[in-house]
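So, here's a batch of structures to check.
Each of the next two complexes has chain A plus one more chain, namely chain B in the first and chain C in the second.
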Partner chain A sequence: MMLFMLLFSRQGKLRLQKWYMAYPDKVKKKITRELVTTILARKPKMCSFLEWKDCKIVYKRYASLYFCCAIEQNDNELLTLEIIHRYVELLDKYFGSVCELDIIFNFEKAYFILDELLIGGEIQETSKKNVLKAIASQDLLQEDEAVEGTLRDIGLL
Partner chain B sequence: MNSEHGFNPAFNMATIRQAFTEAVERVRMPTPTRLRDLIRQIRAARTAAEERAVVNKECAYIRSTFREEDSVWRCRNIAKLLYIHMLGYPAHFGQLECLKLTASTRFTDKRIGYLGAMLLLDERQDVHLLITNCLKNDLNSSTQFVVGLALCTLGAIASPEMARDLASEVERLMKSPNTYIRKKATLCAFRVIRRVPELMEIFLPATRSLLSEKNHGILITGVTLITEMCENSSDTLMHFKKDSGNREIVPNLVRILKNLILGGYSPEHDVSGVSDPFLQVKILRLLRILGHNDPDASEAMNDILAQVATNTETSKNVGNTILYETVLSIMDIRSEGGLRVLAVNILGRFLLNSDKNIRYVALNTLLRTVHADTSAVQRHRTTILECLKDPDVSIRRRAMELSFALINAQNIRTMTKELLLFLEKADAEFKAQCSSGMILAAERYSPTARWHLDTQLSVLIAAGNYVRDDVVSSTIQLVSSSPVSEQTYITNRFWESLQVANHCEDKQPLLQVAVWAIGEYGDLFMYGSNEDEFERPTESDLIAVYHKFLTSAQVSTTSKQYALVSLAKLSTRLQQCVEEIQALITSFGSHLNVDLQQRGVEFTQLFGNYEQLRPALLEKMPAMQISRISSQNGESSGSFDDNSPEWNGTEGSGNALIESNINTMGENTNILLDLLGSTDLSAGASDLVVATDLSNAVHKKNTRNANDIAPVSNNQDLLDLLDLDMSAPALSATTTTLGGGGDHSSNMNNMLAGLDLGGFGGLDSTAGTGGQGRISSLPTNGNDLANMLGGLGGVGGGGGGLIDGNGGNLLGDLNPTAASNNVTVSPPQNAPKLTALDKNGLLVELVPVIGNDCMKIFMTTTNKSDNTLEQYLFKAAVQRSFNLQMLPPSGYILPPGGVITQEIQVVATSNAVLRMRLRIQYAIDGQQLVEETEVSGFPQQQPSTSE
Partner chain C sequence: MAPVRGDGMRGLAVFISDIRNCKSKEAEVKRINKELANIRSKFKGDKTLDGYQKKKYVCKLLFIFLLGHDIDFGHMEAVNLLSSNKYSEKQIGYLFISVLVNTNSDLIRLIIQSIKNDLQSRNPVHVNLALQCIANIGSRDMAESFSNEIPKLLVSGDTMDVVKQSAALCLLRLFRSSPDIIPGGEWTSRIIHLLNDQHMGVVTAATSLIDALVKRNPEEYKGCVNLAVSRLSRIVTASYTDLQDYTYYFVPAPWLSVKLLRLLQNYNPVTEEPGVRARLNETLETILNKAQEPPKSKKVQHSNAKNAVLFEAINLIIHSDSEPNLLVRACNQLGQFLSNRETNLRYLALESMCHLATSEFSHEEVKKHQEVVILSMKMEKDVSVRQMAVDLLYAMCDRGNAEEIVQEMLNYLETADYSIREEMVLKVAILAEKYATDYTWYVDVILNLIRIAGDYVSEEVWYRVIQIVINREEVQGYAAKTVFEALQAPACHENMVKVGGYILGEFGNLIAGDSRSAPLVQFKLLHSKYHLCSPMTRALLLSTYIKFINLFPEIRTNIQEVFRQHSNLRSADAELQQRASEYLQLSIVASTDVLATVLEEMPSFPERESSILAVLKKKKPGRVPENEIRESKSPAPNTMAQNNVIVNHKVNSNANADLLGLSTPPAGLNNTGGSGTLIDVLGDIYGNNNAATYNTKKFLFKNNGVLFENEMLQIGVKSEFRQNLGRLGLFYGNKTQIPLTNFMPVLQWSAEDALKLNVQVKPVDPTLEAGAQIQQLLTAECIEDYADAPTIEVNFRYNNVPQKFSIKLPLTLNKFFEPTEMNGESFFARWKNLGGEQQRAQKVFKAQQPLDLPGARNKLMGFGMQLLDNVDPNPDNMVCAGIIHTQTQQVGCLLRLEPNKQAQMFRLTIRASKETVTREICDLLSDQF
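Up next, the complex of A and B:
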């Protein structure tokens, strides 16, 4: 089971945080700080895994963003790299060649996509098509509501 | 274009929507900043302070809208708050608003509301009930996406209470015909069980049908849930093995896996040529749990595992992911021998992979399996040794650990050769562990005694100062238990290596062992038979080398301790240079280091009044027979353990000493000196805890021994008596307190212990007399001995009055820097004193002392008030023409009557008169106070010539 996922930039700015374990806020901040500094200090030729406390850290850099996951001892670290890659692919499909700015300005969308891929730290859907379909349908639902709201506001409905 | 129809619904809809939105924006003024704009503003901030200002302003605004119960813009405000939260600012005040959003009927509100709930809520009781109600409602919604949101939230933040309250809802949704809801509910059930394992029962019936589905979402979530259940309870594991719907679970999983690998290309689930690796890995993991210690189940999955292992495409990470999981499963179940070899070979291939992640995983897995399949792993030894040269540190570390696991009696020579090469070039962080590991391996498998000694020496040379203390003590122990010819040989080698090593201060452990051996076996070394035809130094050459070490500033105190003891021993082994030795030893009688001084004075006594005792006292140490049991089986208590080798290692050897001392007790009086010697063997200069431990152990052992012949009370009396004897000179000693007192008190303990031993040693000749008689006989029978001890006690007292008899100094020694600070900061008594401040009970005094190239100013702050001053900070500023350097203060807290000292160094660059502006900060009861003052009247100093 994945314990948490963090996205942060090369400057160490947090871009997304998803916690599947109940940590107090202070602990979350401490963990984030520790991992960001540790990972940013690692050289590119080092491997993507870290042994950290009682869990394993798997991270990978895509362009200017680091994707970092904590998994349990029994979990497959190579598969976690695949999960990260799958998430990146989904972001890429959704935004159309995604960049860090997309994730900054549409951070909520990035969360929504992750929530269609993982639940409770485990993968729920292995088909990219299904994930994107679910996201698109929900976006549509939101748009319809917006139109409906506007119409109602100006008295057309 | 659809223009021929005259109507394009999509086009018109979009224009209408845009027009409306704009109209609404215009009407509803003022509108809050949009999320996008806020993010832009924050990103435009150039400094952290600017960013904080933007955020604070926005937060204040958001708070006010929350207070006004503005529901129109709540969604937008929460979204902004979530962004602010990600930047690290507090956002807990949005928790309740998130819950209000989730209760809204609009999907947009719910989507953001649940997102906020997942990010902002912790497991607090009061909000828990509210969110549980919201979730319960939404789990019953008719819109699948609303149900989906609720399930996702539950999966992320379910607390045990929430899990209990909503388990039945989740169970109901697990049976939903809608796959979108069903897969989410299944993972929710997984989460619920994670939090509350007792709830497993209610989900069991619903899992039956999960594995007969075609949808991969259902399959993967189902396998995940069943895995969790099986890992959680062995009963459930049995339940699944026996009955899982109509079919048995293992053949069922095998079938699904087979379909995946043989089923041909399916674009939906394909990942670079591999069909749904996520599902394959999950199934392999469940198979591992089912096949563990179950021959039948293992039998049923052997074929498919072999198939996966041979059929998987390995050019990409995906394929290797599956192979990795397969290997783990093969290793964990009762698989066939051939399959296991296949698995190890896959790992062997991994080691050659160009992807460092895969090499890392391979080493990790080999490390786990090496104990089960040593011979299979041995075949990849060369590849593993090759990994010692990998550019990635983590891989090198794993390779090193694995190499140690692979060493056996057959390959010890080649492995040691490789590891020595590694050790020479290894990073500092590896050297300690690697050298200790090599010593252990050599101890266990060495083919010959000489090879063992040579290896030990090579390790000491290669690892230099990174060698742990256990290596030093184990080498000494090894040498002492070797036959005489080997002792001569290795002493010669040690001498050679001292000659060759040009920077002995980088190889102090080697230095320590070498001088120990030369001291111990000096007669053999200088005048014994010379079979190996080593070149021998002249006595004066030898003494010259000692002189170099003992006077070098880079050589540590511990090494010097070894050298002094060694020198004393040499005085009875050499034929000509005794006077030189005596002179060298005597010169330490006034050494600044207390321990060295003590040794100097003690040993000098052996050249003076107690000359006749010297040869007997400095006899060769008996062979240390106790070897660490750990090296044979590695599991007994007090064994060598990677986590705390220093501890156990030294303790082990210390015990060995005690043991041997006790064995030879009663034969001669040299025990005492050996015991004194034992301090330096077992404990480093300030490894005080060990030292006291050791002496405690001595005490215990002796008390036990004593019990055989005398009542305990007598023993106690004896101790009391000696205690008095020892502390008397301390009372008359000057009262200058220095750091390192703790060191001394440990020595005192040792002396006591020694006395204890010596007392009985001496008494042994009159063994059989009554307890009472024993005490009275001490002054007569053990006359010389007691006198000498008295002398030692006196020396200790004279050496700086360190025996203050309390254990408080023990702590002082644990913090050697603090102690040394105290030493440097104490000003000379006769220097003029400037009072900088005397206010509210705070007295700050400065004592300037002109040094060679700078003026040292000793600051002393005394707290004369009844308050405790905390966070005391002393700042000073001088004119431009001076350079000011402040050393760390002795503390930051001033209790009533407390003193803080600090040294300031001022270098003048011109002839100006020094004035100093001071700023003194401190806090009383949390209230900050600042005092400022200016001080002049410092003595004139010459400008520094270098400027």
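Up next, the complex of A and C:
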């Protein structure tokens, strides 16, 4: 089970945090601080896995963003890397070659996409097509509402 | 930036841009505060906000929270949005709640109805939103409210696949916080049969759920094995086009494969049926075969996914440990990875091989890769990989290769990273001891360790070499000679001086025949180091010197001279002073016979598992590097053992202390009946006002807070404890409008008690001004275990009327606990070991109403011991482990608290290596839950 996922920039700014375990806020901040420092200090060719407290950290850098997950001792490290990759692919597909700014300005979307991929720290849907379909149907609902709103505004409804 | 789909929120985008344009942290904070004020006024204002505005503001709050600022409002607006009939608003409401609301918030009750409505929606998008929210919060409240709906959603024929997937994982999340949510009976088979579902996404999600259910109740879910094996077999033999979108970079369903392989690892043997077993082995072979095929893509994703399945298959092979053929093949495969270009693969291969090394079938195969592993240890760029190589060398070490591996590790130690040196020292010491056929080799290794990495040689390591030398006559002469030579180096580590001092003191006579190491030479050599050493080492050397007087009467005058030296006889260090003067007297007064008896050679130490191993285990809870070819391990020794090694007279004083400890009356009986009652009584006598609160009881489980309060005075406490030391700040606050005069807190702790717990109190100003607060510092040192706790008597005059309160201080024995992590196996091994009459104490008592298990857990966590999860087979039972640090010894202590829900009772059992401790801990805790 994944315990949490953090996205942060090369400057150490946190861009997204998702916690699958209930930690107190103080602990969350502490964990984040520690991990950001540890990972930013690592060199590019180093192993993507590290032992940390009683769990394992799996991280990977995509352009200016670090994706970092904590998993349990028995979890599969390589496949966690691919969960990260799948998430990146999804963001990329949704935003059209995603960049850090997309995630900053549309952080809520980044969360919604993550919720379709993982629930309670376990992978829910591995098919890219199906996740995008789910997100598209969310967007469709929103657009319908937006159209409805406009029609109402101009008195057509 | 890509155009935002759905409906964008311009105000939000502008705000985010503003924040990004801030030149400094201060500017950012200023901008945020302005925004917070704005939002607050909007939320409070008379104008009702429409849904869009609410959504926008809630989103801004979320963004501010994600920047790392605390948000303490907006929850009600989010709850409002949640029940909106516009999806875009609802979604933001859910997001806010998921991110910001913690599990025990009152708000949760407010949203349950909205969630229920959404769960019943015909639109799957709404249902999933609700399910995701339940899973994100995942609290007991959620489990209780939805224990009917979610299982139904999962197995019902009408449910759409996307909803089933979410329902499975949502149920899993709730099951983790409240295991009773899963209905039994016919549901079991319906849940298992989800493994046969047409939809791969449903199977993937369901497998995670089933894995957790199996862990809890393997028998009931045994039916899943056959289904899992056949599903796995179908996936593995499928071509990558068969599974369409569930193929990931040419690998068919890697996530599901890995989950199924994990699921099967819950059973051992995986199956009793020969047919199923054959099919499984075939499947595992196919996975191994496919790993050898040329890659279908150069992308790292392809290799990762493929190898993820391979590693998990190897885990299953290792777990079953019954198919020599597969184990050997797995080992060869991993061997190839050891020289792979990818650091990640090398790391994982090393890790996996650590496990293979512990199987009798593959141990020899692993050894074939020794050269490569040694190279990895030396050459890898990443310290975590080097560390893994060290672990593997440790695991593959046996009698055949021990000398070589130990030598290589010693060589590497000179340049090893600081972060792994201490652990390497432990490993080398353990291997050298375990595989020594010739103990002269062992002595050489340990002395080399001290020479190369003296700073990282912990006490246990040098204690251990002394234990072994004392127990093995054949090596004593050699040890004396070697250590004598080692001490001749111009600069040698203090640990070397300690070992040298001890060994020469015991066995110096064995080499005294050689004129190069004549008694006086030995003595001068040791004494040349004396002035460079810490007091503890000096104390040890003084003991060596008195032993020398016994061994070599001819140098008595030289030694007496040293005892007489001002710096010793009048040393500022009490221990040194005492030893110097006592030894001096002993050497003058005692006859040769008496001297020979007092300073007789140390008796052999009882044989026990290496105390170093225990240290290594403690350093790495959860991931103990193994060096055993699977066999059950003997339980770790108790921690007291090490103290025996200190010089004779210390041992004696320890023994005295123990006797004293035993002769004191049982803790708590005549002193107080539980720590709270006495003060309550005194409170009634002395406190003129009735409304005084004494909170001492609560402090059993916490270190900070308000200890006492009445109309005049409030006493707060802040305390911290480390090892056997504690520091306590008492904060006296005057609540009245006039000064409190003659203010004088007096410590009440008998002289006899003070020998066990030494408490020092700093005086305070005699006047406590109106409304003011003063601080009083206390330091406490636990010398040996004690009962009860000191009291502070606070005397002062209010309006010239004398006042007096006695308050028990939160300085109970449990404050000196160090939590100890351990797994179930070692817990129960220790538990059994502490079965003696004096080591057990038990109490059965009525639970406070209502019986509160989470509350009890919290209390135990605050009590200072480590609460161990997944150790007791009954999940309601709580077990803990900890070590009490006193100056004279460390006392290991185990606890078990068993609730009886029907009778509303608790049974508390304490087991510890010392009787007085057992009783005191039991007394402290009884009636507290």
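Criterion: the second predicted complex is superposed on the first by the 154 of 157 C-alpha atoms of A that agree within 3 Å, B and C clash if a C-alpha of one lies under 4 Å from a C-alpha of the other, contacts with A are read in each partner's own complex, and residues count from 1 in each chain.
Just so we're on the same page, contacts are C-beta pairs under 8 Å (C-beta built on N, C-alpha and C of every residue); 3 or more make two chains touch, one makes a residue touch a chain.
Since the model is a prediction, treat every value here as computed from it, not as a measurement.
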- Message: Looking at A:Gln17 after the superposition, I want to know if it touches chain B, chain C, both of them or none. Which is it: first, second, both, neither?
- Response: both
Check whether A:Gln142 is in contact with chain B, with chain C, with both or with neither, and answer first, second, both or neither.
-> both
TODO: Once the structures are superposed on A, label A:Asn76 by its partner contacts, choosing first (chain B), second (chain C), both or neither.
DONE: both
**Asked** Of the partners chain B and chain C, which touch A:Thr126 in the superposed model: first, second, both, neither?
**Response** both
Inset, instruction - Report for A:Val27: first if it touches chain B alone, second if chain C alone, otherwise both or neither. - result: neither
### Task
Based on the superposed arrangement, let me know which partner A:Asp54 touches: chain B (first), chain C (second), both, or neither?
second
First (chain B), second (chain C), both or neither touched by A:Asp102:
second
> Should A:Ala63 be classified as contacting the first partner (chain B), the second (chain C), both, or neither?
Replying inline: neither
Chain A residues where the chain B and chain C footprints coincide 1, 14-17, 22, 24-25, 29, 45-50, 74, 76-79, 81-82, 86, 104-105, 107-108, 111-112, 115, 119-120, 122-130, 134, 137-138, 141-142, 145-146
So, in the complex, the side of chain A touching chain B is made of residues 1, 13-20, 22, 24-25, 29, 45-50, 74, 76-79, 81-83, 86, 104-105, 107-108, 111-112, 115, 119-120, 122-130, 134, 137-138, 141-142, 145-147, 149-151, 153-154
Listed in rising order, the residues of chain A that touch chain C in the complex are 1, 14-17, 22, 24-25, 29, 43, 45-51, 54, 73-74, 76-79, 81-82, 85-86, 95-96, 98-99, 101-102, 104-109, 111-112, 115-116, 119-130, 134, 137-139, 141-143, 145-146
Contacts from chain B onto chain A in the complex sit at residues 13, 16-17, 20-21, 23-24, 36, 39, 43, 79, 82-83, 86-88, 92, 106-108, 111-112, 115, 118-119, 122-123, 143, 145, 148, 151-152, 155-159, 180, 183-184, 187-188, 190-191, 194, 216-217, 220-221, 224, 268-269, 271, 276-279, 281, 285, 317-318, 320-321, 324-325, 356-361, 391-395
Seen from chain C, its contact residues with chain A in the complex are 1-2, 4-7, 13, 16, 20, 59, 62-63, 66-68, 70, 86-88, 91-92, 95, 98-99, 102-103, 123, 125, 128, 131-132, 135-136, 138-139, 162, 165-166, 169-170, 172-173, 176, 200-201, 204-205, 208, 245-246, 248, 253-256, 258, 262, 301, 304-305, 307-308, 311-312, 343-344, 346-348, 381-382, 384-385, 621-623
